[in-house]
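Next come two complexes built around chain A: one with chain B, the other with chain C.
Right after this comes the complex of A and B.
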């Protein structure tokens, strides 16, 4: 009999509640994925206010939960386990999800699993593409994270192979968007502007690709500075900034380094599958280049659809399903949020 | 007083000596355009303070606490870039850190974070076309007397 797992996510701007069915054959089926975002509320204040993020989660938690159960046609008594993001993320935001999850788990008398947000971004792929072949490699790219991870067991064994030493890839997008007078968040508008541009127009630097640099770490701060200098130079000469060319050349530099390092890491480790996930995975140039390079290297590429790549509760439910199926001991009701939870801690 | 920085290593070296002179309750506001080297300088500050953890841009998480292994002064690294509204108390960031036991370094904090501490040093980084930087200072509180001790 399938087990119903409820997943709660509240690490940043999105309040997500997901429901999945964990089947006996190891497959996990998506039943509901409801998300409320506080991005618009932040926009009104011209930026993120941690207090407002926490309050927005608090206000959205119960309605989002009800929407998820309605969408799945289930009632709360159908739930067999509750999973929640324990970290990493904003402390106050995480706390709302963790408190709600504890309350549901206690009231329903079902096990509680406090899990890692980053592992959730990988686990979500099983909802679309079925069980993960292991070992596999995961490239996690979002506004706050840029990491290359080796996954030996999605329910417990995840190792960091590399990460950004400065800015996350998504953050570089946001900052370059600001330089080009494009809206926030910067990913979609840069992707759109780049379509009409020449990716070879400007040779922006590829960070951390020198012979002495850490092979699988990333750096996007120098790239951001190079774009700033280039734009200032053009403005200084009284020229109109060719936004499409700058966007395309910048995007090419990001996608080039991300995919080159990911494919190289997979090849060196002899791993046959690469999962690309996180908000930036929706970027068209990144997915195109990843597809080309994985095909050349004979690596299977899995990219969840954009809706699953951004923060949501279904990814936490999916991870909860894998952790429960692996027979791991549930978290205690004393579970606390850990803003700096390391990626190798899948279950708290 | 101004300081010229030619390379990123210079920025780290300057940050390190600034970090060594930081005390609990200090506030450093790092000002300068995108790519000025604020995060790079903070990496030096963390090194000078001897705190743990990799310093990377906290833009997305807003702030990161680097604790001192020996229970000494912690570094709170804040990025106000995405922050709306002002920052009058450290509590506004929902951090597990007390100003009395930490030094706070804020990027993009001018006009927002001043209320945090009287003892604040504004470090202004100007990036030139040849990629060198000029650093200038605006000291407040005890920093008026302490700024001359910087290298």
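Right after this comes the complex of A and C.
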């Protein structure tokens, strides 16, 4: 019989509650995915304000849970386990989700699984594309993370191959958007502006691609500065800034480095599958370029649909389902949130 | 009726089971002769301002076990809404809300300072730590009604105590339940479990962007 897993996510500015059914054949089915976002409250600050996010999580947690059960047509007594993001993320934000998950698990008398947010971004793909072939590689790109991961077992064996040494890719989008007077968060408006631009118009630098640079690490801080210099130069000459060309050329530089390194890592490791996930995976140029380069290299590319790529509770429920199916011991009810939880710790 | 009392607004992580009895009629007022009676059945308290998120649910389960009951026997939850300076304040509120949601019982908010005052008879001044060299405070008259506050401010703004001074005390499970007793017994619709933050979030809108070129 299928087991119902409830997943709670509160690591940043989205309060997510998801419900999945874990079937005996190893497939995991999405039943509900409700998200309440505080993104609009952060917009005028140009980034997520932790105290505002934590306050919003507290307000949204129980109403979002209600909505998830209504959407799935389930009652709380149907739940067989509760999974929650234990980290990494903002301490005060994580605390709200972890506290709620403990209370639900205690009241329903079911096991609690405190799991890794980053692993959740990979596990969510199984809701759309079925069980993950392993080993596989995952490129995780969002406002807070940019990592290249090797997955030998989604329920327990994930290793980092590379990560950003400074800004996350999504952070670079936010900063460049601000430079171009585009709204926060910067991903969608830059993607839109870039559609009318020439990606080859400006040769922005490709960070960390020199012969002496770490092969699979990333850097986006220099790119952001290069864009700022270019824009200030144009303004200084009294020229109108060609927003579409700047957006397209910036986006090309980001997508080029991300996909080149991911495909090279997969090829060198002899791994046949690449998963691209996280909020930036919704970027149209990143997905197009990833598709082209994976096809050339003979690598299967899996990108969850945009709704699943951004933070949500279903990804945590999906990971909880895999961890439970693997027979791992549930977390203790004195579990603490861990803002710096390392990626190789899938279950706390 | 058995009540689950929670508070995480002070350095204490507090969970208790309290037996509440008294008149249940909807028209009960504070002046009625028959006062509600709140008696502690079990309590778990740990003073550690960094352990609210970690210990609250284990304390709830331990208190329930000590009381010889199960969570299903709980008829209502009462939660302290602060004011409190700890990020852990939210741990108590979300725990209370989620427990009440899954048990299908109401969750009543009470001001934590009211819960501290709701003990001995008489007028009181309640003061708790607000960090940043400030305190939270509220005043109460002889009948136990709040007459001022809750406020946040420097210690020298706090008035001289009239009656009892509760200085940096923590609420007891009985005090928490007493502060909500009339609403609970009357079966009134609970108010929202909103924390008494009293301060606005620290956040500044970004200044004009710095140029990277001279």
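Assume the second predicted complex is superposed on the first by the 341 of 348 C-alpha atoms of A that agree within 3 Å, B and C clash if a C-alpha of one lies under 4 Å from a C-alpha of the other, contacts with A are read in each partner's own complex, and residues count from 1 in each chain.
In this text, a contact is a pair of C-beta atoms (placed from the backbone, for glycine too) under 8 Å apart; a residue touches a chain by one contact, two chains touch by 3 or more.
As the structure is a computational prediction, the values presented were derived from the model and not from experiment.
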First (chain B), second (chain C), both or neither touched by A:221: first
A:91 touches, of chain B and chain C: first, second, both or neither? both
Touching partner for A:307 - first (chain B), second (chain C), both, neither: neither
First (chain B), second (chain C), both or neither touched by A:168: first
Which of chain B and chain C A:143 touches, first, second, both or neither: first
Which superposed partner A:49 touches (first chain B, second chain C, both, neither): both
Chain B versus chain C as contact partner of A:192, first or second or both or neither: neither
Chain B versus chain C as contact partner of A:339, first or second or both or neither: first
Chain C-contacting residues of chain A that also contact chain B: 45-46, 49, 51-52, 54, 91-92, 178-179, 225, 228-229, 232-233, 236
Residues of chain C that touch chain A when the two form their complex: 53-58, 60-61, 71, 87-88, 90-91, 93-99, 101-103, 194-195, 197, 201-206, 209, 211-213
In the complex, chain A residues that touch chain C: 44-46, 49, 51-52, 54-55, 57-59, 61-62, 65-66, 76, 91-92, 95-96, 98-100, 102-104, 106-108, 178-179, 225, 228-229, 232-233, 236, 333-337
Residues of chain B that touch chain A when the two form their complex: 33-35, 39-40, 54, 56-57, 59-62, 64, 81-85, 92-96, 127, 129, 131
Of chain A, residues touching chain B in the complex: 12, 42, 45-52, 54, 88-92, 143-144, 164-168, 170-171, 174-175, 178-179, 221, 224-226, 228-229, 232-233, 236, 339-340
